[in-house]
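What follows is a group of structures, each given as structure tokens.
Shared between the two complexes below is chain A, which pairs with chain B and chain C, respectively.
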Partner chain A sequence: MAPAPLLEVHPPNGPSNGEAPADQQKSQKQMTKQERRELQERQRAAKAAKTATGANGKPQGGKPANQPAAGGGAPSRKTADAASKLPSTGPAKTIEKAKAGQSSAADQLAKNQARGLLIFSHFGLPKPVSSAKGDIHPVIARTALQFSSFKITGANARCIATLTAFKTVIQDYVTPPNNTLSRHLMTYLSPQISHLVAARPMSVTMGNAIRQVKLDISGSDIDLPEQDAKDALCRKIDTYIRERIIIADQVIQETAGNKIKDDDVILTYARSSVVEKVLLEAHASGRKFSVIVVDSRPMLEGKRLLAMLSEAGIACTYVLLPALGSVIGEVSTVLVGAHSIHTNGAVYSRAGTALVAMMAKRHSVPVVVCCETYKFSETIQLDSFTKNELAPLGDLFSSFPNNKPRESLTLENKPNLEILNPLYDLTPPTCITAVVTEVGVIPPNSISSIPVALGRLL
Partner chain B sequence: MDFDESSSNKIVTREFIAVVLAGFGNELLPLTGSHGDDPCLKALLPIGNKPMIEYPLSWLEQSGVTDVLLICPTSHRSAMSNYIQSDVSSLFPSLRIDLQTFEQSQDLAAGTCTLLRHFSSRIQSDFIVLPCDFVPPPALTLIQLLNKFRTESTYDGSIATTCFYEVNRPDKGAATEEWGMLPSNVPIVFDERSGTLLYVDTPEDVDKNSEEFEFRMSLLTQYPRTKLSASFRDSHVYVCKRTVLDVLNEKMYMDSLKEEFMPWLCKPQYQRTRREKYGNILSPVSNNVSQGPALRHSTLHLPTQQKRLRHSFVAADADDDHLRSVVPSPVDDDDEDAVEPSLRVGLVVHRSTSGFASRANNLHSYLELNRFFLGQTSYSLPSDPENRSLIDQKAQISADSMIGRSTRVEERASIKRSVIGKHCVIGKMAKIVGCVILDHCVIADGARLDGCILGVYTKVGAKADLSRCITQPGYEVSPGESAKNEKLEVSDWAAHETSEDQDSEDETEESTEEESDN
Partner chain C sequence: MSAVAQSTAFDIYATFQQFLKDDEISPPLAAILSLAEAIVKSNAGTMFELVQALNDGAEELKRRSQNPISLNAGCELFIAFVTLFPHEADNFAELKEELEQQGRKYATEAISFRDKIAELALGFIKDDAVILTHSYSRVVLKALLHAHKTKRISVYVTESRPRGLGLKTHDALTAAGIPCTLVLDSAVAYVMDRVDFVLVGSEAVVESGGLINYVGSNQMAIIAKAANKPFYALAESYKFHRLFPLSQYDLPTHNPNILSFPTPTGRSAGHSDAPSFATLDATTKGPVRSETSWSSAERAMSQEQIAKNPGVDYTRPDLISLVFSDVGILTPEGVSQYLVGMFAG
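Presenting the complex of A and B:
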């Protein structure tokens, strides 16, 4: 693991090292990597000693993620809160703080101070949605509550919910005098959007949809009377939902359905709305196959999928993720959904999908990702640490068994226990056999060429 | 003409309207009796020297609700509007209060349902019903109730959210039977997991069968693990959808929200016949865009239990129903989009460990609330010199009392654990223990008061001895009179002096006063 590149940053305790900053800068270039490392260690230790004697209540936590390989260093840090909620200052200081407290601070912290999160602390946990600042439309407030209480989850669902809420907001909108709809509506929508993002970080689907809406708004004709303009916008939103989600799903159903032959064993992970539709459609068209649903905590979405599939009459098996190894031998195809697909072909999906894909690849089982084209994101993502989301603690997802009291089922942070539930992970393109979209079945590395081929901006 | 963003205020639809019901307060008689010709408003009775209605109003303001519809009897109109103009506009600047009156007499007060029906044209959005006498604990915010309502009404078609609070059993001897019936708890059945109110015991049910509860099997089928509890009381705070008013308008015979309508409203969620009858009024399939398609795509969502149960029972067209409910049809028809509403009534339970909450609608709770607020504050001499000069050096005022503005306390008066209102005069050597004394009272020298509640403008004569009495505003206790556990009302037919002289002769003097020390 290569160390992260050192930036030419003046260390905070520059003077205490006894070197003038200018000299130091010059000398860093001349020092070997080894010496730079040593310098860094010294600075870190000095800083740790300084802050160890500093005020206790300083919220020093929330500082950067430990790199996974360096996890053995057992860094401890001073955080007043158990769950540090401060966003990071950036990956640049990643390694710096990681080994910080090892020497002196370690024994100080040995007393029951709650430690901050070791990894993923840079996304923090979602804050509770406070009462609306400014004029938030009630529909947006309600939708945000649905998001933050995890009643509406899933990339498609959230996007549809956002667009539906926007339709209501647009219909209730009144252009103030001396303004045009095309210019003012966007500024009016911005606080609404930030309210939604405050509830849960924006998904790629929501982002793409909102971008399209903004494009439509700015393109709306100035001469149209207001109600007509609003109606046109709502129609465009409806078209977007219909074309790029609903009908796209139907095309995917057919295409992926053709990949399912009789007596197949399909494995799927958690619950994807698209995969659910594919399986139900395939079953409805008479094919005989069985499904293995792999599930994981805390969300246990697979249980709901299991309920839906078994009601339809499909033979299902339900396993948890650790049991994957024992069932992978009999699987003929793996069908998973996606939250988004990136330009380098990596699939960002529910945490655990990567494991399933890699396992399947090991056993030469084709992995088919069902994904609509509007989930395509122009960014490149190489790992699931820089961008992720943590599930909130509490009894949001507590479920069976019913005979235990609720309190024993909920997970809570305790003095020496930090609960960490990342929601997403990244499947590298090498593990994926094909991606089924509404424009065809394509290998993952060619994803980026689709928008160009279709002449679309997204 | 607004050039700035403030004009966008008009764009936002108002989400909730609060309906505050200020009634006569017949349980609080004679405190709410009339003082001469002026009525004494229950809503303005002070708790901890703040008018009762201030507590729900500040609760509303914290939660961000701005529109308030305040309903009071016509005879109270001027007093209430004076109060609103003077105090409320300074204390709660963001509230817009619309005062409406309803013609009713004290003896034949209109029921809460009647009031709502009458004003239903003014209520066009989802509404919150609040009594004027609910004192919420700091731990329970109205936002919690509103958020629960917002989430659930969108997610599964819940129609209302209620709030019940737990009550500690009162100390023995703290309350007297002569003051009226002790408030009793209402047995309820609720599901703790999802916070749903399933059944409320009504006086009618008690009349029908006082020894057993009768529940429908469908209640238990839907919610197999419920709790039955009799330690809660209804706070009378209801957050409801607008459609609930439509149903209320149909039920012309119902009079009381708390005792008749809300228990009735709990029934459609599990009773099939009622659901069929009222389902489309309570949850109409409207042109409003619902979050149906989003919910269908949501990964943590399952169609409701009922739909699935119903489909498994109906054998004949099982396949059709199955396919229709489970496989989305290619064309978006409205039926598919709508999520089958559960018509649930939500419930927020407030435990007594999280804070003290109560409704001040009867004398016992009124006294208890005042005592609670005494426990919260500690008395210190007033800071401004004018008020301080009124309070004598040698007066003994304990730390857990509250004294209002411009009250004069003369020397060697002893005040313990009491709330005293504004502009009062406490004479020398008066002993006041555990009392609530409202504004403008005059207590002459040597009087002893123990656990009493005195209405406004009460005059207590010298060396009178009152124990656990309640006086009507304007009552005059003659010197040397002694009364215990009584409600003293102003009689308006005979002359004051003669009638009271006779009274004092008849009663036996209590030689040893019961100065119940804490």
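Presenting the complex of A and C:
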């Protein structure tokens, strides 16, 4: 594993392979594919180096920071899984810079400025949403802005917002002459989708929903008049939201609620919309239990959950993640939500969930994950850094205590300081006791049976 | 027993008891047979009413039985079957007849499940194997007797207090000529290193892939894991249950009385240790000696004390190596896949 972003001088392929630069001199045939690629990059970068040098200003959130940050992606490529795509090839000049920095003092300064995040940079830093390219519907633009400013967060919320925006787009859409709705609408939607993805990487829920929408579009009857076809599509979208999210949540509320008994102490992490519903429903049906809400910066989403629960009259305790060890001894069950769940049973959720699950397992506390089936992803994920998302820097999560000046707590990059804020992490299936879905309670090792169960239902 | 608020004089629990008299029939099968009879005796006119009546019957059985878990599995299986049964019959009465026949047919077939399982288990029993088993299980007995026909085996059986069912197994095995020794429940760890593998029956196999069986099975599984011995569970498919216990205390059989501490009474005159025993002498017929002297004579728990102990426990899926059933040899994960496939939708 690559070390934390230190600013020591390392040759880019130092951390894991430890190959001395001298090895690069061996013939092309003897080099591994990686090394050959590196060589190519370097040669390409050497040509581009002169023009690019000027662009290396102080690293800030935004385009310039993108280059050094992504440039750190090349060395981290060695540590990252082969599955991750190659980062942009442009700023490979920083590799060259890093190497040159060992020899030339003049480059040292530039190198320091160019040094970006060594890990996690292979998924790129969030960029501010650029002006709309092409024909972006205003509701999409608004949704994208809501995503990128984190006004709408959470897998379910984002998916519902996306689908609702699509409904408006579909209704406003007019088929150009000599075209059919079923074929042209998809090409029309593609730039809209890209715009949303540019705001924030697509969630698994959005992905599954969009795939379903595309399937419905391509299956729509050619002979239908346009308005009817559009109405049919909107109805299908409504059905999807209703069945896979709203009703699924109701079933999960009931099933998971049955696992809550009187005098239980339930621990939950950050804010999951499903867990919130489960707890409110269990309380409404008369069970007496108390809740410990564990929260963490920078998002501090747990505060919203805390407000909702205490308003309903549930006895709550609020702790930050570092205090988890002190409270875990009193917990009867841990209830968490998920962003997505994978075939191998691993749960991809808000960063910190894995810690909570592992700690609970250590203390023999059952961990129950509440997750609708549409969050199921056919992929297998083994660790938290092949796929993740970095939180943008700056004053986005206005969650500061009032007695401190805002500026003192805002996160921002400085010449010798890089901020690293992954938003998600992966909980391995061994730490999970049960996954509650609308098709039943499933042990994590059998998550791959969900498509079978769904196949029965559809 | 007089009928409870059922429309006819049909008492499902009495029927259930009747079926249980046959030693081959285990509680879930008896439940299925009683429910099958309930179908015919009921005067439901629609499917919905019928399912209602069956659910009520199942509730009644669960309420009156001491050990509802395996019973529950059988009931749920049958009710699911009834609900999903294709309605080809012209009128409802015929349908009810057909359902009842199917129920009986299933029960008869189910008896043969044990033979299937015994055959599957045979492949895992080597010659000269030393097997450890727990308490009394019809399917394990069948498997051992079947293996005895072609291989040499020796068996350790635990006593399984408080019901002492292990002695039943011991008698049956000895009568068949299998060398068998009774082992104290507390000596399982002592004997584990001598054993080749552990074979237990089941009350129910649950959705997580775990096992619910007589208390002591979890202990045995943990010790087997620590000693690196395989732990095999034998279970007929009608014992597969959609329950998902998160822990021991999440079982439906768990009640607040189990493992509860007594409310402290004042220390009355007498030995400081004796008060609890002294009062029990008067109230229970438990085999407690009236002199509270700590002599070498054996002592036993009173009924009240036994009532504070669980009857079944839950073994986690990671402790179980394989589950042998009539639908095949499954890993604990496979059990869940099977259950989801069977019951979903």
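The rule we apply is simple: the second predicted complex is superposed on the first by the 338 of 458 C-alpha atoms of A that agree within 3 Å, B and C clash if a C-alpha of one lies under 4 Å from a C-alpha of the other, contacts with A are read in each partner's own complex, and residues count from 1 in each chain.
In this section, contacts are C-beta pairs under 8 Å (C-beta built on N, C-alpha and C of every residue); 3 or more make two chains touch, one makes a residue touch a chain.
What you see is a predicted model; the values in this text were computed from it and never measured.
Once the two complexes are overlaid through chain A, chain B and chain C fit side by side, free of any clash as defined at the top of the document. Look at A:I442: by the touch rule set out above, it reaches chain C but stays clear of chain B. After overlaying the two complexes on the shared chain, residue contacts for A:T379 are found with neither chain B nor chain C. In the superposed pair of complexes, A:T239 makes contact with neither chain B nor chain C. More residues of chain A lie in touch with B than with the remaining chain of the pair chain B and chain C. Contacts of A:S285 after superposition on the shared chain: neither chain B nor chain C is touched.
By the document's definition of touching, of the two partners only chain B reaches A:F150; chain C does not.
Looking at the shared chain after the overlay, A:P177 reaches chain B, while chain C stays out of its contact range.
Minimum Cα-Cα distance between chain B and chain C in the superposed model: 22 Å.
Only residues 259, 333, 364, 366, 368, 433-434, 439-443, 445-446, 448-450, 452-453, 456-457 of chain A touch chain C when the two sit together in their complex. Residues 207-209, 242, 244, 246-247, 250, 317, 332-333, 336-337, 340-341, 343-345 of chain C touch chain A in their complex.
Against chain B, in their complex, chain A makes its touches with residues 131-132, 135-138, 141-143, 145-146, 149-154, 156-158, 160-161, 164-165, 167-168, 172-174, 176-178, 188, 241-242, 245-246, 250, 270-273, 277, 280-281, 284, 299, 301, 304, 307-308, 311-312, 402, 406. Touching chain A in their complex are the following residues of chain B: 1-3, 7-13, 15, 63-64, 143, 147, 150-151, 153-155, 192-193, 225, 288-291, 293-302, 308, 311, 322-323, 326-328, 330, 332.
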